[in-house]
Amino acid sequence: MKDSSGHPAAGGRRVGGVLMEMRNITLRFGGVVAINDISFDIREGEIRAIIGPNGAGKSSMLNIVSGFYVPSEGQVLYRGRERPPMKPYEVARTGVARTFQNIALFEGMTVLDNVMTGRLTHMTAGIAAQALWWGRARAEEMAHREAVEKIIDFMEIQSIRKTPVGRLPYGLKKRVELARALAAEPSLLLLDEPMAGMNVEEKEDMSRFILDVNDEFGTTICLIEHDMGVVMDLSDRVVVMDYGRKIGDGTPDEVRRNQDVIDAYLGVPH
Amino acid sequence: MLYDFTVKPFADMAAAPDFLLQVLWEGLVSGILYALIALGFVLIFRSSRIFNFAQGIMVVFAALTLVGLHAMGLPAWIAVAATLGVMFVLAVAVERVVLRPLVGQPDIILFMATIGITLFLIGLGEIIFGGENKVMISEELGIPTGDFVFEPWGGLLILQQLDVTVVIVAALLVAALLAFLTFTRMGRAIRALGDDHQAALSVGISLQTIWVLVWFIAGIIALVTGIAWGARAGVSFALEVIAYKALPVLMLGGLESITGAIVGGLMIGMLEKLFEIYWGQPLLGGNTETWFAFVLALVVLLFRPQGLFGERIIERV
Amino acid sequence: QELYAPNLAYRTGPFAATGIPLMNGQADYFTMLNERDGGIGGIRVNFDECETGYSTEKGVECYEKTKAKAIVTQPWSTGITLQVLPKSNVDEIPILAPGYGFSPMADGRVFQWAFNTPSSYWDGASMILQYLEQEGGSLEGKKIAFLHLDHPFGKEPLPFLEAKAEEIGFSLVPIPVGLKEMQNQSAQWLQIRRERPDYVVMWGWGAMNAGAITEAVKTRFPMENFVGVWWASHDADLRLVGADGAGYKAISWSYPVLDAPVMQDIRTHVVEAGLSQTSEEEMQGVFYSRGVVISMILAEGIRAAQAEFGHAEITPSELRWGLENLNVTEARLAELGMTGMVPPFATSCADHTGHSGGWMLEWDGEKFVKASELLKPESALVSELEAREAQAYAEANAPWPVNETCSVGG
Amino acid sequence: MLYRTAGQFKTSYAADQALFPVRQDAILLGLVLVLAWVVLPLTASEFAFQTMLIPVLIYALAALGLNVLTGYAGQLSLGTGAFMGVGAYACYKLVTLFPWLNPVVAILMSGAFSAGVGVAFGIPSLRIKGFYLAIATLAAQFFLVWLFEKWAWLYNSNASGAIQVPNLEMFGLWVAGPQAASVTQYYLVLGVVTLMTVLCINLTRGTLGRTWKATRDMDIAAELIGINLMRSKLTAFAISSYIVGVAGALYVFMWKGAAEPNVFDIPLSFQVLFIAIIGGLGSILGNYLGAILIVGLPVALNLVPGALGLPISSAMVEHLNIMIVGALILFFLIIEPHGLARLWALIREKLIVWPFPY
Amino acid sequence: MAETAGETLLEVNNIEVIYNHVILVLKGVSLKVARGGITALLGGNGAGKTTTLKAISNLLQSERGEVTKGTILYEGERVQHLDPAALVRRGVIQVMEGRHCFAHLTVEENLRTGAYTRRDGRTAIEADLEMVYGYFPRLKERRRSQAGYTSGGEQQMCAIGRALMSRPKTVLLDEPSMGLAPQLVEQIFEIVRAVNENEGVSFLLAEQNTNVALRYAHQGYILESGRVVMEGSAAALRENDDVKEFYLGMSEEGRRSFRDVRSYRRRKRWLS
């Protein structure tokens, strides 16, 4: 199954042009070179995976995409244009949403509020209107609430809607985090180990969500994952990193057969 | 106007160098005392992330106990030993009653709790010792009370022997503490505890033991500070306000750094005195010492948010 | 049946050290009257204490709590006095603030309910300047450092001193001491060293005095050129430096006469009966005896009112009449067994202070002794300032009822 | 039985977002409002007004302001007292410079000044965090109090250095100054406090509130999901300082009648902090509960020995008071570190499931 | 290997755990850990695995949780009243979920704190340090970095290494595989097995990765919503149909693809 542009995509989805391109990225922390001259791209509508051993620099790469780290060298191109230095919140407003490796939810807030924060980039009512809870602010709140409820339904977390996040078990938190990212209606969704700490059943659920998002909304997804089953089954293309270098890039099948990748990461062929 | 702020102060300094030296010395001595209070804070903060507001009152409490016990007829050095005993009991009580049930709570809650301890100790102290200003038993403790007089450049410089003693004792105390924290197993455990209570518990570090120990050491420091301040200004609850001065010292030096407490204390002591004498009094109506240290620390923090010697704030996702 | 005369005491907080002997002296005098004479005019005085810790907030709370039954308010801090001052007009309760509070309270027409008998701060400043001129010649061209607590109390004499500085031609260097710096005045004393003033006049309170005196000794400021207000004459503060403090002076409108009959009565009826919190050492101090004098002023006011209105249980406004018509002569002092403890004084409807004068006390290394004859404040300038400031106060607080019936000096 | 939620269904998001999803809460609030607006003013004595009712409201308002900053936006501040001072001095300057100004308008305007100062001192919060920030707010605390002392223009160069509330009139009624009746002042304070509370409830449950809470819980994550931290923190400083400033103006104009600079010193800041924390950070209700406890406790303790006829000296009572307040702070922190509001919530939860234990 | 399971070392009897006085999390959990065995505790998110482990190591207190019913016996003795440090001295140590490393300490200092309770001298500790570096060479490379700045996987290694530094008799391992690269997961379990076999250390491990866990464990318990729903030897569990379907992701024809799961959502038989 190959689409017209010659890139593989499962399920006959349309994969468009390059959405984001990383060009010769290098990232240093003092003496540590976390990323060493890596280039790769993410195409519109695809599911792109980044894999590699622990400490390879995967999360750091994601952090660069979302603007949290500024690369020491190299450029980030978004929709074909070089992205100027931006604060993370500005990057988020360009339609990039993400989840975190060590869950970063707002522990003191309920699930509903957490997901609502995901929509903040879309909210515009002024402070005065909010203080009066009247007119625009109220209408906006209700409209967004409706959208958020859809996402909550979609993620099947209705029953914990009003629970403070701090009390939730790990797996559910991961789900809430995904819901929060989805609420932003991103064009690029970055997932950092979305299935860590889950059992098979839960991974299956999560996979379902990811595929559905990708399918229904056409959201581009870039994910880091250590479960090779998941990576190989879900992704269209895979980048492999090792100690800051890129050692492979291609379809799951290509990567699976790459000897460097097997040596550095997989251990045994998957 | 501009001249008054920029040139004149320095001209004044150059015109009377002996006076400048005196100003710096006074600054140094108060700086050392601020640093001593800050030291108690640092130790407790390091081991528990508790911002111990009660350190100031512990100073007063220790000094009052010492004077009180002496007044009851105990010989000076026995009174010191007995006071240390009291500080130990206090450490145990704080750990039992307050820290143990509050383990793992947010920092701000523990901070509040130390304010609660402060109030409790103020009330208790006043009931036991009364509010009058008391004389520190400096002579009985063998602290010299005379002064050294120098005449540099034909001017006058007076150094109190008491102050010189304080500087020496403080230096020894700091050296001992640094050695303790760097070279011992306990020292490492104390730092680990500051990072993550739960994890520390899980590797078998006993919070109780360490906390009692740390609060006891803070109590010893409090006693030394109390003797030093008390010998200068008498012992009463009014001493407590001086404890506020330790806060900018901490901020400047870094909350978890012993070196920071010392360097911060000295810097603040001397700079605030210089500012007050050469800028504050002639130009701003005086009393700038109330805020100068804080503003100075604030400005430094804008460039180094963890203070000069504080641990890097780890920001990762 | 009793007279409820609450005292807004402060035996706690940073000023407790100076408060306690005063409160003890006050309380013991009334206890003595109750024990010895069965009270005043046959009814006992309930000299209740409400603790303020010198905090204005608690003071106001105490005022509100006691005002329903009280015949008088003794606010005991300039801050509290300033706050209850405007309320007293509405609540109609006399404020008795002997030797403290707002100096313009002397103007009885404007401040109908407030009394700072027998001396105001401006009186004190005036007497100090007079003394300095007497001892060291004209102040013209001299330099006086005015070391004061940075608080309404400390700033109180400033208008008078400024006026005098201009009149005589001495230079005045105000040096404020913040509440947080009371114990650590090295910056202030460095400034004094740099300014090289001829005299240091101190308006200090609580821990500030001890701090200043130790610092003065340390920096070798000549003690005989160092003069304090009456609240800076606490024996314990000086005992900190002992002999090194010899020569230090403070103006005072009271004096501890240790063998005065009244002290003897207090010893027999109160202290020995175990009704007091004081100690023999404290009783010999300046502050304790001042406390006794303060209570005497109130007791005399009560007596005057009882005599005028013919009944023992007087109302607050009757007490006001009593306080406005005090006339404590030498003879009366002798009757009270208090000769030499306070100069004779008298008040009137227009003059709520009395401006009776005081003595300069000097620390001889062990205790305070009288160092001068009775000094009298310079009334012309003081009363001019009083009238002006009182007027300004009334205007700022309009509508403010003014008692037009008093004639000046009457 | 009291708290049966069964049978109360929500049919719209608006209903679900309503303030009181549980009907019993609305009834309870109604009762409290009737008590505050009708019963108390009719029955309270002068003493009660001055030592309980008015101060509780004002302190609760100040704590509410602090809570916006600390409880909702997570920026610990120890400078509340000074910001109250800014409000009070601003109000004093307003009413003395423009005597025709309506006092309530003046009070509400004075908050704007402290909001401005608050934002200025809030700017460091963009870089400085946690306790460092808390100490940094002390810079504001000490600097401002110093300024109140040194800048004579602020207190119209009064000899005493204190501000004195003049008699102020509104619609023919004295509302401030010695002539004002306590009940008038009470209503005025109550009105302002109610208004502020409603506005705050709305803000904290809406977009801005979520922005703040996100900043509080994890600022890095908040920034990564699109929150402008600078805006979030500075709005928190502005709104918090506004409320605190208004509370400061009320504090002097509706209650104390006069104030010296050191009234606004650190003990006041701590007092407000106690209330916010004992009441419960991140809760609106907590401020009221905390204020009742912290303001009421000493008053009650002072009355106890008298009521029991115990012969304890007033100084002893005061010492015991301080001790007991300290001990109670510890006590409440230990039984519920999240404050009285959480305690109440727990009780409610228990009531809802009652008589079953879980 | 399952034969090594000897007498019962740790016994949890019918415990109930309540958080915050109101949230009932464990509703009567009982389990046994055999001396010298590896026991796996399996179950979905929120099943109560972590809570069980914390109940055993007495770390609940600091989270306002409390064991309200039941008993916990270690070597036949009740240990509920002991503080965590005392348990560590008896040889029970927990590796907490979510890599609780001491962020400001270096990796090596982290490892050394693991030896806090040991009294057997410097050389023994140095030797064990080398042993841990032997197991995790990556840690040796990063020994001087602050733990807070190491990657997730490195932190996990650090936490496990730290526990080993205490020379434990029993290790409570909470989700050791979380976030680790596949070969590292195998490696860690190999290490667990090695330590188990060479040093006779018993393990109780909570794990989501059922597949691996059941390959290395001797005994297994499956927890659902605070109750034990299944128990048995690892081999038996591996063969159980339900376990196969829900925990191992196997269908009749072998491993299911994650792409094929979208169409249906199943229910567990025992939940009906």
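Here the chain labels run A, B, C, D and E in written order, and each chain numbers its own residues starting at 1.
Throughout what follows, contacts are C-beta pairs under 8 Å (C-beta built on N, C-alpha and C of every residue); 3 or more make two chains touch, one makes a residue touch a chain.
The structure presented is a predicted model; accordingly, all values stated were derived computationally and were not measured.
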Subject >> Co-neighbours of subunit B and subunit A - touch as defined >> reply: D, E
**OP:** Kindly list the shared contact partners of subunit B and subunit C, in label order.
**Re:** D
Original post:
Would you say A-D or D-E is joined by more C-beta pairs in contact?
Top reply: A-D
**OP:** Between subunit B and subunit E, tell me the centre distance in angstrom, where each centre is the average of that chain's C-alpha atoms.
**Re:** 45
**OP:** Between subunit A and subunit E, tell me the centre distance in angstrom, where each centre is the average of that chain's C-alpha atoms.
**Re:** 29
Original post:
What whole-Å value do you get for the distance between subunit C and subunit D if each is reduced to the mean of its CA atoms?
Top reply: 38
**OP:** Find the geometric centre of each of subunit A and subunit C from their Cα atoms only, then give the gap between the two centres in Å, rounded to an integer.
**Re:** 75
Original post:
Which parts of subunit C, given as residue numbers and ranges, touch two or more other chains?
Top reply: 11-12, 150, 176, 178-179
**OP:** Any chance you could list the residues of subunit D touching two or more other chains?
**Re:** 146, 149, 220-221, 224, 315, 319, 322
Subject >> Junction residues of subunit A - those touching two or more other chains >> reply: 59, 68, 100-102, 104
**OP:** Would you pull the subunit B residues touching subunit D in the complex into a rising list?
**Re:** 51, 97-98, 101-102, 105-109, 111-113, 115-124, 126-127, 244, 247-248, 250-251, 255, 284-285, 287-288, 290-291, 294-295, 297-298, 301-302, 305-307, 313, 315-317
Subject >> subunit C residues touching subunit D - in the complex, by the definition given at the top >> reply: 9, 11-12, 48-51, 53, 55-57, 60-61, 64-65, 68, 78-79, 82-83, 86-87, 89-90, 102, 150-152, 155-156, 158-159, 176, 178-179, 277, 389, 393, 396-399
Subject >> Touch list for subunit E against partner subunit D, complex >> reply: 18, 20-24
Original post:
Quick one: in the complex, what on subunit B touches subunit E?
Top reply: 103-104, 185, 188-189, 191-192, 194-209, 311-312, 314, 316
Subject >> Footprint of subunit E on subunit D - complex, ascending >> reply: 346, 349-350, 358
